[in-house]
């Protein structure tokens, strides 16, 4: 088998490649393409995503801020344009829509100036959709500093001076997550976090009222933005996770009877 | 190139530890209150970090590239990637900022191609393969209970957590839905390990600073 | 043209890397190994100044408009110039004792103290805001305490079982859960790479035309 | 309700917390408690792998770190390099974080000179390069070509004795990766382990990264792990060089117990205050 493959396949990688990698890539590319085609070229309904529990907490937090008449702050974190930042901005679109509807102020501290125009257009769009373009306040999207601690101390200033009622931390955070969550909890704000850096998630779970776990950020952004491509990609990944779970289960059952057939098939070299 | 006489540098040596200690105390002063001494140190840090990135990249990547690849080996075609890289500086210029997308497109495409080779698949498929562990472990000295329990816990956690992160279809229906809560507790336990390790890292870094102040600067021990 | 050219360039580079990794095509292998790999290194290196450019632009604007803290911005620009000058024009890089002197005394200590501040924030957060609000947060904090005790000699000194319990939870629960999560993240990044390669993902190109 | 102990405790100024914490951690740092240090399997596995390799083996040391990680990364780098030199191994240092190679150079030079190692013959530092994936990829074919035949100080690699029998990445006997964050171990696995160029990897993560790197060890992608300051202290004990990491172990233990104390105290005062609020609300 390997000899046949090594004719046109790279010899050193052919022996190492193994059938599993080729089958994996081709089948995954097919599944992704099918979902992408379904999302873009057809009007078929997209699969229904499980409602992530953190989304109810967002509505509750905005409601609480409206009753107290105090602002909400939405922080998109430490990385410039990345998958996590774009997913966070999709969630911010929903939050901006709700705060515009209830006439509650939304303050967005920014760390990277290239993200500022995307945030401004997202919030303005939300105000227009709600039919209140005049209530849009561009200077509530504030570029503070690209330096980590300059940005963090700027955010702390906003939490304390503006006496925010709710703080939302979405995107990708590094060590400033802990400082922002502590300041928010001392200020008595209701806090919701949804970020992908696994090293920061434990601290946010301990300090925030509700925390989305890792990939739930992408699901929340797809669920809220109703973006067909994002939903399609999640469906493709889920399909493949199920296939891998199936392979693991079959493998375990086979190994219970003493056969390592599945592991050998997956052996790459 | 200007060379600095060793005598000058030798004279600065005792100043070395004092400068480091003042920098450390300046940063620690933020704990009391935001103050000008802290801001002075913070701006020094940001300025020297920016310069260090520039100097190191020039000294270790750009200069050797010109000396060896272009002058010595005659690879003058490298002018093309140099120009491609220089296009990034059009980013702040409004009218020509689209030019800065050319290098970005090139890097994103290259890394996409790089990721879609066997390099990404192999570690993931190896970890899937190593998640297949026998639930009943028979060793030379008979049935190994502890190893069997370990394997069962490990495989169950992998499967349950993978299923938890499936959102577009309901995998665990009806009574099995209680397993979703089990997998959420398992995730919380894993994040507890992350909390513990994160705390230890932060304490270690503080000990490093206190050790510098007490041992290197004050010489207490 | 402004949007398609970067995508075509990216598709070309990605395709060559893909083919080079899988197939024995001499022209493609030579193109990838001799030209594409080298041109990534060179183009990324020559573009590194954009970070410093943005940094200096912001601080020069602070100085020219006399904003708050503009004197600190002036000091930042001086430090940047001083370190860059001593790094570029004095002898070599690490053999340059003058540059290394200021780098190892100032830069090294400043940045390691910045991160050490987190230990203090951690302690005050433990006391003032880490609360057992739910059964899940409770499970997290109990396991965190076991792991912390089990990882330090003082814990092992108190009871020999702590390190074993910590090791078991880390290896049997944490490694398994982290593996499941990382498989999900890898699948996500692979589908992102597929879309980047064929150019249907344009978000990194920024908003307007 | 205002003057109860719990209310005063909950309003404790954070600066007092910082002061108490500094004094308590400084005590064992200055006076030391001398507690025994158990050796874990992961560190012993890393020690056995390095010890079992013949003289003349070549180690690639990936210093992908920043000055922020000084306290957790300097001790293992110094200990591993001393141990490898005594076993007759050659060391090639590089890194893809801006500070990494410069710091490794500053930390290793005194330590290696002290034990008689000769730069260029026993160890070499290739310096920082801007793009990790392309450099590691090109090093599979030619290291000198990938690093433009220059080390961190601009000397020619082709003139160094170490490079007489070292041309490509597959000629590294083993790889030690210092890993406080990203990029790091996972990138070396993708670049050289997947292609089969290097099959022996010793992972040296900071304590925080043990959480995410443990899965590589279980999968056999890495062959040993020296995790955090605790792992470095154990390795120093195994090679008989008790140094900085060992001295900090007592302080780390006390520091952790104080964090647990604050965690428990904070939650107790939180629960007590909630009870009192319910009582006063119930009473009024």
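Every chain is named by a letter (A, B, C and D) in the order it is written, and numbering of its residues begins at 1.
Please note the rule applied: contacts are C-beta pairs under 8 Å (C-beta built on N, C-alpha and C of every residue); 3 or more make two chains touch, one makes a residue touch a chain.
Source: prediction; values computed, not measured.
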| item | value |
| --- | --- |
| Count of contact steps on the shortest path from subunit B to subunit C | 1 |
| Most extensive contact between chains (C-beta pair count) | B-C |
| Separation of subunit B from subunit D, taking each centre as the mean of its C-alpha atoms, in whole Å | 12 |
| For subunit A paired with subunit C, centre-to-centre distance based on mean C-alpha positions, whole Å | 18 |
| Separation of mean Cα positions, subunit D and subunit C [Å, integer] | 16 |
| For subunit A, residues contacting two or more additional chains | 13, 16-17, 149, 198-199, 202-203, 205-206, 214-215, 241, 244 |
| Shared interface positions of subunit B, touching two or more other chains | 30-31, 46, 52-53, 56-57, 59-61, 65, 69, 110-111, 114, 116, 118-122, 126-128, 131, 154-155, 158-159, 162, 165, 187-188, 190-195, 197-200, 202-203, 205-206, 208-209 |
| Residue list for subunit D, restricted to those that touch at least two other chains | 18, 68-71, 99, 102, 127, 129-130, 133-134, 137, 152, 154, 194-195, 207-212, 215, 218-219, 228, 230, 252, 255-256, 259 |
| Residue numbers on subunit B that touch subunit A, as the complex places them | 30, 34, 42, 46, 116, 118, 121-122, 125-126, 128-129, 131-136, 155, 158-159, 162-163, 165-171, 187-188, 191-192, 194-195, 198 |
| Touch list for subunit A against partner subunit B, complex | 13, 16-17, 20-21, 24-25, 47-50, 52, 147, 149-150, 153, 198-199, 201-203, 205-206, 213-215, 219, 231, 234-235, 238, 241-242, 244-245, 247-249, 251-252, 255-256, 258, 260, 262-263, 266-268 |
| Touching residues (chain side subunit D, partner subunit B) in the complex | 15, 18, 22, 25-26, 29-30, 68-72, 98-99, 101-102, 127-130, 133-134, 137, 147-150, 152, 154, 186, 189-191, 193-195, 206-211, 215-216, 218-221, 228-230, 244, 247-248, 251-252, 255-256, 259 |
| Complex contact set, residues of subunit B against subunit D | 31-32, 52-53, 56-57, 59-61, 63-65, 67-69, 72, 110-111, 114, 118-123, 126-127, 130, 154, 190, 193-194, 197-211, 214, 220-221 |
| List of subunit A residues in touch with subunit C within their complex | 8-11, 13, 17, 28-29, 32, 36, 81, 83, 86, 113-114, 117-118, 121, 146, 148-149, 175, 178-179, 181-182, 185-186, 196, 198, 202-203, 205-207, 209, 214-215, 218, 229, 233, 236-237, 240-241, 244 |
